[in-house]
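What follows is chain A paired twice: with chain B in the first complex and chain C in the second.
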Partner chain A sequence: MRPATILAAAFLAAATLSPPALAQSPAQRVQVKGELVDTWCSVTGIMFAAGTAHHQCAVWCAVGGIPISIKTADGAYYMVLRIADDDHSVARKPFVKIQTHEVSVDGELIERDGVKYLFVSEVLDDAGIVDLTHEQNPISPFGE
Partner chain B sequence: MKHFVIPAVFAVLAAIPGARAADEWGIDNEKAAQFSAKVVDVACALKGDCPENCGGGTRQLGLLTADGKLRVAVKGNTDFAGAVHDLLPYCGRTIEVDGLLIENPAITLYMAQRVREAPDKPWVKTTAFARDWEAAHGKPKQWFREDPLVKEVIAEDGVLGIKGLEPPKSK
Partner chain C sequence: MISRRNLAAAMFATAATGARAQNPDPLAGRFGGPFALTASDGRRVTDRDFAGRFMLVYFGYTRCPDVCPVDLLVMAEALKALGPDAARIQPLFITVDPARDTPASLADYAGSFDPRILGLSGSEEEIAAALRAYKVHRVKYIPAGHPEDYGIDHSSLTYLMGPDGVFRTLIPHGGTSERMKEIVAGYLAKG
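Entry: the complex of A and B
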């Protein structure tokens, strides 16, 4: 068998036998700063969804089990699946209470299929709510 | 005659399993997406950290397709609620879902609007959160204003999230 044939056969075997490639990044240590948002309202733009004017709705959605994310100043979203030892991210008071806060966190980032998933190891700083949007906007939604 | 034909067509379409596509919301980058997928605990799929029964409702759930795509199901059909209650009964099983795939450049999300166990089974609207909430607390006018945890957090921090800060009085 000629070397070129052997090489071609090897490539074919590798392509056939390899499992489908996962679009998952290796976990990497990151520090992220931004506002904790209700992922659905913030991403979809179905309503005004930032700061104090939207805080109540963000609480509703977190209690409803919609994932929370950290939205950074450049518009990236990091979906939070764990904070320290707490990986119960659905409708849990520690996750609900910090909605709308501006936080800096250290954690593990895994990217897959268009989502940045964040496993927070430590909240480095919690500045509370700093985006006072109610000064220019009605309570969103419903005005109350 | 046409007054009878149009409703009849709608009635026939409604009776055919799978005939109705997902409801569009007009969200940027949305598209109707019906597919088969295994219901998974997202953290388990990412890190191999896998409690029993996908975490029993404590963790975010996703949909893992046969070609390895993981879609996080962030929203169901109850106002202000996700899809965990709808998907948890199918943890580890392959089902069909119908809804909206939102491929925002910043993040990809899936809204599950209805689910079914198999192509020959009826679609079920994703309103399990409302059903379970009512079973636990009674029939609400608006669950999100009556929920005990919501009331507790709003009582502690206020509507604006800052203790002592009140929204401006409407004129």
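Entry: the complex of A and C
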């Protein structure tokens, strides 16, 4: 087979074969309620990673590039990839300011490889910090 | 007369565009895109140079105190665990600090994790374009009195792009090399 024919065949295959993404879950409209957490501290379970005692750490982690998630009461994580039409980067400045707050959001859920990704359309409610962990734990990571 | 290389690149670009247009994957098209950068060996490269191979793309910098070393180690261990299949992947480490990361320092740094990880740099404009395409967060912070010792906050996601140049998946910071290997192997098996 001539090289040009091979290339043409490869092109045809690339253009017509379904990519593996076809097997992925479609987007779903959802409403999610939970605490805004820095995913790394929360998933790894270090520094109890919740509420008032972890607020400062959560802000630093979010600013530093650790993805922000909403952790629901049942322990599920929804990693936030966008808020409204802010499509500049995966850093979510509006959520950095309200880390550890309990929020309710409306958005688009896309699941991929076991991770729940959330494209937030609207923050429906911000209840502030409701988990007062500083009453039982020192401020993390450096104390009060 | 169009060269075979240019023909392949054109086909790749057309296939990628077509896939984005027809692809029902809700994440496809949200991350990734063309880039033109300088490899750590001095070559000028674009995304089309890697057509036909998967790309594992990570953004960081050689002076990163924490996230980059962890994520590159995870990537290196995952590549080892993939064995011969890793030959189908081009791992890329794209600097977010083109002012300080030279091709030589990128080669040393990325190569210290795995020699297959190709460091990429470029002008500030070229890097900024790549960051926009992948929606990478980058903020410089300057310690008081030591402007030369600045650090850079940056995103910590690893992107898997398909051999057609289309986005496949994200691998967030904090996972294990076994999990990365498992995810990547799944996409390799699909072709």
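What we mean here is this: the second predicted complex is superposed on the first by the 114 of 144 C-alpha atoms of A that agree within 3 Å, B and C clash if a C-alpha of one lies under 4 Å from a C-alpha of the other, contacts with A are read in each partner's own complex, and residues count from 1 in each chain.
Everything below uses one rule, namely that a residue touches a chain if its C-beta (ideal position, glycine included) is under 8 Å from a C-beta of that chain, and two chains touch if they have at least 3 such contacts.
The model shown is predicted, which means the values in this text are computed figures rather than measured ones.
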item	value
Which superposed partner A:39 touches (first chain B, second chain C, both, neither)	both
First (chain B), second (chain C), both or neither touched by A:76	first
First (chain B), second (chain C), both or neither touched by A:65	both
Partner chain(s) touched by A:26 [first = chain B, second = chain C, both, neither]	second
Partner chain(s) touched by A:116 [first = chain B, second = chain C, both, neither]	first
Winner by number of chain A residues touched, once chain B and chain C are compared	B
Those residues of chain A which chain B touches in one complex and chain C touches in the other	20-24, 27, 39-40, 43-44, 63-67, 79, 81, 87-91, 110, 112-113, 115, 117
Touching residues on chain C, where the partner in the complex is chain A	4, 7-8, 11-12, 14-15, 18-19, 23-28, 30, 67, 131-132, 135-139, 153-157, 162, 164, 166, 168-174, 183, 186-187, 190-191
In the complex, chain A residues that touch chain C	3-4, 7, 10-11, 14-15, 17, 19-24, 26-27, 39-40, 43-44, 63-67, 79, 81, 87-91, 108, 110, 112-113, 115, 117
Touching residues (chain side chain A, partner chain B) in the complex	20-24, 27, 39-40, 43-46, 52-53, 55-57, 59-61, 63-67, 69, 75-77, 79, 81-82, 87-93, 96-97, 99-101, 110, 112-117, 119, 128-129, 134-135, 138-139, 143-144
Chain A-touching residues of chain B, taken from the complex the two chains share	25, 27-28, 42-43, 46-47, 49, 55, 57-60, 67-72, 74-75, 78, 80-85, 102-104, 106-109, 111, 129, 144, 147, 149-150, 152-154, 156-157, 159-162, 165, 167-168, 170
